[in-house]
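Please find the structures below.
In what comes next, subunit A is part of two complexes: it sits with subunit B in the first one and with subunit C in the second one.
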Partner chain A sequence: MRAYGSIFKIRFINTLQYRTAAFAGVATQICFGLMYVFLFTAFYNQGNAPSDFTQLQMVSYLWLQQMFFAYFFPLDQNKNMIAQIEQGNICYELVRPMKLYNNWSVTLFAEKIAKTLLRFLPVLIFAILMPTGLGIELPASVGALMLSLFNLIVSGMLIVAMNMVCYCLLFKTMSSLGIFSIYATIASLLSGAMIPIPMMPAWAQTVLNFLPFRYTSDLTFRTYVGSIDITTALIQTLIQIAWLVFFVIVGKLLMKRCLKKVEVQGG
Partner chain B sequence: MLYFKFAKMHLKKMTQYRLSFFLSLLSQAIVSLAALASMYFLFDRFNVVEGWSFSQVAVSYAVVYFCFSFAECFFRGFDVFARLIKSGGLDAFFVRPRSIFYQTLCSNVEFSKIGRLVVSLAVLVYSCAIQPFAWGVDKIAVLIGMLVCGIVIFLALFMLGASFSIFTVEGIEVVNIFTDGGRDLCQYPLNIYPQALTKIFTYIIPFACFNYLPMMYLFDMPGVTIWGNALAPLYGMVIIIPAYLIFKWSLKKYNSTGT
Partner chain C sequence: MIEIKNLTKTFKVAEKDKGFWGSVKGLFKRRYHEKRALDDVSFSIDEGEIVGYLGPNGAGKSTTIKIMCGILTPSSGDCKINGFTPWKDREKYVKDIGVVFGQRSQLWWDVPVIDSFHLLKDIYKLPKEEFETQLNLLVEKLDLKPLLHVPLRQLSLGQKMKCELAGSLLHKPKILFLDEPTIGLDAISKLKVREFVKTINKEMGITVILTTHDMNDIEALTNRIIIIGKGKLLYDGSFDQIKYKYSNIRTIEIEMEEDYGDIEIEGCEFVSKIDKKYTFKTADKHFKLTSFVEKLSKKYKMYDVNIDPINLEEVISKLYEELGI
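Coming up: the complex of A and B.
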């Protein structure tokens, strides 16, 4: 356990080094946030807005999206890990006295959190300072805030667990090009990163309830803004946890199978 | 021409890894389809935005995506200019008997963007075909003008980004606000945004010149003029002149990274 703590710390501090990148990220997030707020507000002004997703809720949702952009990014491409699979350096990892699955998940999670910590605060401050209708609102209730914080943490783990499955598939395909970005695009559409899920047609929302993707960012943000009531949110949190358990089990099984087949050639 | 020789070389290089190349093509196509799908979802709920229907905005989407992916495909060298600086590849350009502009152009052709190009072209043809009006010579000319102007504007933006990275060395994400952000923003007609934003994207970065203004002419919106709308693509292309001059000037200031 202490070893994983150290890995977390190393990756965390390592990612914190990239402060210029974070600064550029903040500027990008603020500009994109404003842009989407203007865009979707224009659509809301046409009338026919969804009843369970008011304009103020929609704007808050968009800012939360920008604040946690790095956190909810559907697939973190860790160059080091990809290279290990593609080039075979993975054998060094295998001789270490720790589980590769845990090692890599902790790495991905630490980098996610570090990237987010560097970025979310300036965006939040900007969003708070914006006038009503353009900025972020307070959470629906204290309960909603607490639950959405819990959702936030589980979401991160869920995304990492789903990423681990993708990395396991990489053992088979041996090339991350293409596949990873196909997954990232589809996952962002289905998790509501391109347009918020409450704005989608009813049939699409029904379908998405049965897929894991919306139990990451969409659930967290909707609990926060109060677009779903606490009871529904609690039920969906259980579904979220179930998906997490499912993906961890699948990932671990896949990893076991892949590592059995890894052949280390000398050299 | 030398450019085509280089292009052929890049194509050969990319198709060595056939599955990988095919998947990159597919992923690019899926990116554009996902953007189209989210636009469809929006119009499914709201039907119309500030007087623009889905089929009209689809034309706008297709024009912007076509121009962007064309520029990303064939002018990729400027887009990833920072890599040339970091690797020291740019130093070699100075001693060769061709202009740096031309060598950068030849240095990279990203054929996987063809996936995006094909999707946007298909959407363009389809969305133009379902418009209720007849396409006269004037409208076809304006449409071609829009495409050319859009490509030129994205080239100019990439060149400005490249000039910038000569000073910062590190590639700069901030430029993406204008290229990617402009692309996402301008798929929709600019009159849905606040005045200030519309002005920025008309007079400073002339995105409006290749979609919003000439498109009003295509769809016979009220208050259009030949000078103000149909000929707008011609004004937009002017941005390439300052972009080229800034690129030239920044090359004079270039210090090698020493690698």
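Coming up: the complex of A and C.
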């Protein structure tokens, strides 16, 4: 456990070095936040509002999305890990007395948290300072806040677990460009990062309930704003945990198979 | 300590037709051909030995090392090291080995070296005191003190290699695998690496297996070599024997402090002299440079001695010819 703690620490500190990237990120997030808020407010003013998603909830949802953009980004492309698979530096990871799956998961999670910590606060402050109707609202209740915090943490782990499956597939394809960009686009759409899921047609929402993607950001934000009641949120949290367990098992099995067949040629 | 029996490893290599349509066709139907990287290789190594593992590029050296480190699974054959089968008991087994791949880095690129060492300490679950003692020992032996707080990316290749060596020995492994540890290093760094490897072998009793293309590495470190080529074991035995068998005429260049005119000396033929630079040659297979230099130094003052190194590729290609491969 201690080893993973240290890996977490070193990756975390390492990511914190990239402050300029974070400043740029904050600026982008604020711009996108404003754009989305204005865009969807226009929809609402046309009288196209969904019944279970008020305008204030929608605006908070959008700001949360921007605050935690780095955290919920569907696929973290860790250059180091990709290079290890593509170029064979994985040799060194494999001569350590630890599980590669855990090592990489911890790495991804640490970087995710570090990136988020650098970015979320300025966006939050900006969103609070916005006038009512355009800024973030308080959570629906204390219970909703607590549960959404829990959802937030599990979401991060779920995304990492799903990413690990992608990285395992990378062992087979050996080229990150195709698989990773396709996955990132599809996952963004299906998790509600492009259009909030409550604003999608009913049939699409039904379908998405059966997929893992919305149990990351969408669940967390909707619990926070209270567009789903606590009971529904609790049930969906269980589904979220089930997906996490599922992807961890799949990832570990895949990793085991990959490492058996890994070929490091040359050098 | 290391027992390798009939080790075979085949890789599947995808073939692609040339040109655009070749690539398109490759999307739907892939042809593979099998490449035998290792073919029925067996040898054993005792505790405390230093063994040079030689062969031309693509001979299967690195593949063997990677199998012995538990990274690759062989297609068939057996390998027992310290009572473990590396690829089966990888996580338990790797605690006892240290590995340095000359062309890759095990330390973290953008953090100070000491941070990488501390991370390794946690990864190997080393007790604090044990770690500190070993670290101090390595820092002293390798003269690392000024490097510890510098991020790895700012170090030169030679400095990096010293840090890599230290990193691979923090957990006191019983076996050290060195895959081309002197690649790209300058003369001084090479000497230091060699000297260090010698010391740890003697003082800590670490078994060392190293691959290299630099015959001076071998000459300085060991007499036992294993040569493979095209995946097959070609030779396992003494380096001297090979050296004398396959090297024919050798030239020795000596720079004198003064011009002594023509020099006649037994055992070596005087060839030419340019200014103070003398050239000798010998066909004697048991020629010993040290005794030759000793003889000369009794009469003359020498500034520099240079003997042409035996060409590994030449030796191996001669071995190939003889073995009909």
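Rule of thumb we're sticking to: the second predicted complex is superposed on the first by the 263 of 267 C-alpha atoms of A that agree within 3 Å, B and C clash if a C-alpha of one lies under 4 Å from a C-alpha of the other, contacts with A are read in each partner's own complex, and residues count from 1 in each chain.
The rule is simple: a residue touches a chain if its C-beta (ideal position, glycine included) is under 8 Å from a C-beta of that chain, and two chains touch if they have at least 3 such contacts.
Everything numeric here is computed off the predicted structure, so don't read it as measured data.
Contacts of A:96 after superposition on the shared chain: subunit C is touched, whereas subunit B is not. With both structures placed on the common chain, the touch criterion links A:3 to subunit C but leaves subunit B unconnected.
By the touch criterion defined above, A:201 reaches subunit B but does not reach subunit C. In the superposed model, A:48 lies in contact with subunit B only, and not with subunit C.
By the touch criterion defined above, A:17 reaches subunit C but does not reach subunit B. Comparing which residues of subunit A touch subunit B with which touch subunit C, the overlap is empty. The part of subunit A that touches subunit B in the complex is made up of residues 20-21, 24-25, 27-28, 31-32, 35, 38-39, 42-43, 46-48, 50, 175, 177-179, 181-182, 185-186, 188-189, 194-195, 199-201, 204. Subunit C meets subunit A in the complex at residues 11, 58, 62, 66, 69-73, 90-92, 94-95, 97, 99, 101, 103-106, 108-111, 115, 118-119, 122-125.
For subunit B in complex with subunit A, the residues that touch the partner chain are 17, 19-20, 22-27, 30-31, 34-35, 37-38, 41-42, 44-50, 170, 172-174, 176-177, 181, 184-185, 188, 192-194, 197.
Contact residues of subunit A toward subunit C in the complex are 2-3, 5-7, 10, 13-14, 17, 80, 88-92, 94-99, 260-267.
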